[in-house]
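So, here's a batch of structures to check.
Look for chain A in each of the two complexes below; its partner is chain B in the first and chain C in the second.
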Partner chain A sequence: MQSLNLEGSPVAGKLQTLAFAMMGIGVALTAMAVVMGGMQHFYAVWTLGFSYVLGITITMMFFSGLQFLVRAGWSTSVRRISELYSGYVPIIILGFIPVILGLFSGELFPWSNPETWSANGLKLAEHQIHVVHTKHAFLNNTFFLARIGLYVCVWVLFYLYIIKGSIAQDNSTDYSTTKRNYKIAAPFLIFYALTITFAGFDLLMSLSPTWFSTMFGVYYFAGNWVSALSMIAIVVVMLHKAGHLKGFVTVEHFHDIGKLMFAFTVFWAYIAFCQYMLIWYSNIPEETEFFIHRTHGGWEILAWTSLVLHFVVPFFVLIRQDFKRKGNVLVIAGIIILIANFLDLCWVVLPVFNPHFSMNGSEFGPALLLFGGLLFTFVAQARKTNIVAVNDPYLQESIELVS
Partner chain B sequence: MNSAVSASLSADSTQSKALHDAFNDEPLREPLVLGKPTLHDVTRKVLDIIESKPNIKFLAALSVTLMMALWGGVCIAYTIAEGVGVWGLNSPVFWGWDITNFVFWIGIGHAGTLISAILFLFRQKWRTAINRSAEAMTIFAVVCALTFVLMHTGRQWLFHWLLPYPNQMNMWVNFRSPLMWDVFAVNTYGTVSLLFWFTGLVPDFATARNFVKSKIASKIYSIFSLGWTGSARHWHTYEMAYMIFAGISTPLVLSVHTVVSFDFATSVIPGWHTTIFPPYFVAGAIFSGFAMVMTLLIIAREILGLKDYITLKHLDNMNKIILATGMMVGYAYAMEFFIAWYSGNTYERFVFINRATGDYAWSYWIMISCNVISPQVYWFKKLRRNVPLMFIISIFVNIGMWFERFTIISTSLHHDYLPSSWGYYSPTWVEISIFIGSFGIFLTLFLLFAKFVPMLAIAEIKSVLPGSQPKHHHHDEQH
Partner chain C sequence: MNNQAVMGNFTDVNVLMHAAEKIRDAGYTDFDIFTPYPVHGLDKVMGVKRTILPYISFGAGATGLMTAIGLMYWTGAVDYKLSIGGKPFFSAFFGLPIMFELTILLTALATFGGLWYLCGLPRWYNEYQHDEGFRRAQDDIFVVSIFSTDKRFSLDTAKHLLTELHASDVRVVDAQV
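Right, the complex of A and B next:
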């Protein structure tokens, strides 16, 4: 069968250049983080950028697995895009290494040595140290490493089975891999839900070790999911413009992805609002501390940008039917959402290390580096793999989609 | 079309042959209506239910449910006359069966809006067979729920004080209270659901108007059909309106149970104050709502002979949703438990240990077994299509979701911070009777609905008959 990959495509070259540029700037900014802020600052911004790109990458697998689970017809022509991004899974998990180094240095996670940890004058108070000690059964180095090992195993298996299985279908004449995916998608999605929740707890929530929120896993998921949808939208529009998806993808698909982006920006806002509102309203000291810290000392600027860019702007752009059918608008909305989600994570992570707002650009370093890696992997994968699941039983239904 | 596509998709290619072999020649999408009825068959099937004389079974069922409702009414009157002291509420438990039942009924309604609005926006065409009755249940469930909050207020004759209106005393409701938000949320929900349901009914009322033999019935249906002629212009406006209603109803599905969850979660009571409550309550509501739709539709399709319309495919899909939402609820239970420990807060830890092992442990484990364990049978397709089994599971889920609310309310309240304010709550016969009465109201309304209103969306079902949608050739186009 004729292959349908991006070998020799000019748009792939452009994407690759963009990826290299991002990685280059990323390396420079990361170096700047080390030089100007020291190792603690580096660990902090690495954890920030890593949580951001890791969440998007893992959630790409969620997208693909979900389509198998629900036997989605509409999405078949765009599903492969998420699977090509997923090719980054075996690489991004290496990003845990600096996090682990940070853990052992004792500078990153306040719970790893609560008595001596400090950052820019911030310290744990006596009663906080006491609370952290009561959590020792969960927050200790060994268990932390074990959990990371578990996540990595789950994600790699998810990749090897679901994603590889979907790609293998392209050159197979029986439907065994697709049928297997129908069977195993649901268990994998359950593992996804649990691992992404606890990864969110471990990487982000445990940075403020006395704070807790049952919603936090959902909050991390919501941001990842809407970012993953945006990434899919951006690349689908670009490839469609370059003519690579002709005959497979139409504005109907733009419209459907746009609807999901719209729905889940609202979902993100819903989750973020509920988490904030319930804690604000109850005003219990050990919980409000988290938000008080993040709405004072200049950090409120990130709370506002988050509100505006992660909700208000995408909401009013994507609510319009005609806008969801315009590729350029989707790309712009997607970029805004991606930036907003990053700033939102900045708002979660950075105030842990500084009582006052301070950002000098180095915060973007690891995120750009890893994000560039994601794009680069996408291009590399797309050069040797079909960019459409050409042999999927529901492909015809997707081609005929009327949104 | 791209050459690779046509290569892989042309009907006589080896790929296509392999596709048939792999899926045993089963179509990729099961038909939504079995038995290949004509358009007229569909109309007749639905209208025959309305036109047939009520048989003895129907009248017997109706009298039983009416008796239940009446008995509930008597107990409501007794409560109003004597005050809520006739209930088992006492310090420290001041929310008991009343609030449990309120949340239970509000939850039941959610499947209706999910099916009618969210599944519509997701273009899930299988919703057509079940949306009408699910929406009806929404409205009836809201009626039941309102009964309980109204009773709970104590001085029911001052219920209008719940509404913010200009008055001589210059007294305003407390807008900061989540209980107040409930008033707005539930009323909005009830109103929009009613309008949405009615909008969907207009074309079918017109069909009934045209086809029923009784002159009086035709006149009545004529009034409700608002002069519908079925012209292209009418359909265009109708579809626009339907779409807008679906768009408005979707956030309502989230908002109503979110606000209900705020009643608990804005408090500082351990076990109630937890941030996952809003999405967790919404998932639980959809879970319980689907279970109730399941219970009633299994009975309806047996008695009214609707098996070609409410097919095993529909039941299978609903069971999948029950399994998925059941696991979301299970996720929330697990998160609450974990974070209660992780918080390091002694009181949080106590409440959750007490939930699982204390005075109300029986209630907690009923909740876990019914909500988390029992739906696990749906992992198997055979069991998802086993009608007697799903009937039993749907009732289990209803029971489990009732106990979920009871567990949340009682366990958090009955042990206050000081052991001197510990107690144990159990309901009196009055509370139990009012709950039975609410089932009476709900079922009476449902029976009347099934008798007098087109129970399936006639026009929508016609649109999912095989061949009614323009399509390209299909591998599976064999019907």
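Right, the complex of A and C next:
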């Protein structure tokens, strides 16, 4: 079996340097968040950055599992990229620790002690406290921890079976692990859908405990999915340029990934608008509160930025066929989408803790730290694992792809 | 005089690809290849230009969007103002589903109609379908035909070219209208 890892490759070294730089800046900005904003600010920005990177990492496993579920031929030569990113799963789940510390400190989640929680002058009103009490059966510390434990179990099993199984295929003489993946992909994707939805509810939506939206889980998923596709596109283009994927990946693969990125930026906008319009139209105070808070006091800047960067710009950049076939355009679109998705999560999380727009850069700290960790893990994985699923039965079909 | 076509049969895809390239390089623009199944890359070696269909779709989509905005603005905020639950007379928020639907509707119809137009559909029959060899293009051979409507067409050179490219059964077929 030929070996196709990035050991000794200059592009791996560059990516590693980038990862270290991100982690360094991330640590500095996180320290700045603690010093300048106190522990509550730290918990807030940690939850923000953690939700961002966690969503992308878990969704990388979804990408791989989805290709197994539908027996996709086209994606076989790029599927391994998502599996190398998935190597971050056992590490990223440690990021739940600061969230749990924030929960027990009572400063992070307003529902953990509704009477005394406050942030920059924001408090829960009398009727809101009552609403939070009625949700006690779901929003209480014990059940919250149990749910997080469940998500972690599902994700680790997903990683151990689907991702490890796919990598084990490289050195296998029969197709038993691939066949097993075909069978178990469907149940795992059901659990993925449930866990990513409820992780979105728990980490992000429960920060505004009096508000609810059944669309929120899909909204969180849509942002993660398009970010994960962007990450795959960026790395595939980089490795292709450096000559590592020659003979496996062609411009046809760029085109197909570009199509998915285009489709799911539209999907994100569709979901985000659905959530907004139904609430705007019915105009019920318990639902509009979320948006009123986030479109006043300066926070509307983030709303407009994420609309433009998350939808309008990628839509017009990716709409043309010849643009989707250019690697550089995909990289630019991918970076825009990644930034936009982060700003979108900022818009969800930060207004909980401040009635007026205030960002000093420390918000980016944990996100950069964890994102650097993701890149570093990718490089570390790619140095010892093949970057193409060399023994997959569909590999030849993928190489000959004409989209 | 009726139109004519010079036809030749091929059985090997690689030979066919090479032939298509040579015919294109010889400067013919009005020639076609009939195949029993889609052959990837054949359009490229034949020098077929990229379709203008996306522009038709985009134009129709933009028209649909403008129509929806204009319709809702004129009916709601100009011609017949009705206050419903204190909502604004015109707003992009409640208007967006209609803008979206009309954009999609006109795009879909124009794409469908444009495809038919660009493909020359509906066409009930082919002028050359009486030819026995041409019918086999639906079954087991590739048929290359150079039409007399091409401005460079001359019977002898076309026949000569196809023979040179290893076509079998090179023949002249008269169009039957």
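By our rule, the second predicted complex is superposed on the first by the 403 of 403 C-alpha atoms of A that agree within 3 Å, B and C clash if a C-alpha of one lies under 4 Å from a C-alpha of the other, contacts with A are read in each partner's own complex, and residues count from 1 in each chain.
To be clear about the criterion, a contact is a pair of C-beta atoms (placed from the backbone, for glycine too) under 8 Å apart; a residue touches a chain by one contact, two chains touch by 3 or more.
Everything quoted here is computed from the prediction, not taken from an experiment.
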Side-by-side fit of chain B and chain C on chain A, or clash: clash
Which of chain B and chain C A:Trp347 touches, first, second, both or neither: neither
Which superposed partner A:Thr210 touches (first chain B, second chain C, both, neither): first
First (chain B), second (chain C), both or neither touched by A:Phe262: neither
First (chain B), second (chain C), both or neither touched by A:Trp46: neither
Which of chain B and chain C A:Tyr88 touches, first, second, both or neither: neither
First (chain B), second (chain C), both or neither touched by A:Ile271: first
Between chain B and chain C, more extensive residue contact with chain A: B
Residues of chain A that lie at the interface with chain B and also at the interface with chain C: 277, 281
Residues of chain A touching chain B in the complex: 1-4, 73-74, 131-132, 134-135, 138, 173-176, 179, 186, 190, 193-194, 197, 201, 210, 212-218, 246-248, 259, 266, 270-271, 274-275, 277-279, 281-282, 284, 286, 390-391, 393-397, 399-400, 403
Sites on chain C touched by chain A in the complex: 40-41, 54, 85, 87, 93-94, 96-97
Complex contacts: residues of chain A adjacent to chain C: 273, 276-277, 280-281, 283, 321, 402
Residues on chain B engaged by chain A in the complex (per definition of touch): 1-5, 7-9, 14-15, 18-19, 21-23, 28-29, 121, 123, 251, 254, 258, 262, 265-268, 273-279, 327, 331-332, 335-336, 339, 341-345, 379, 471-472, 474-475
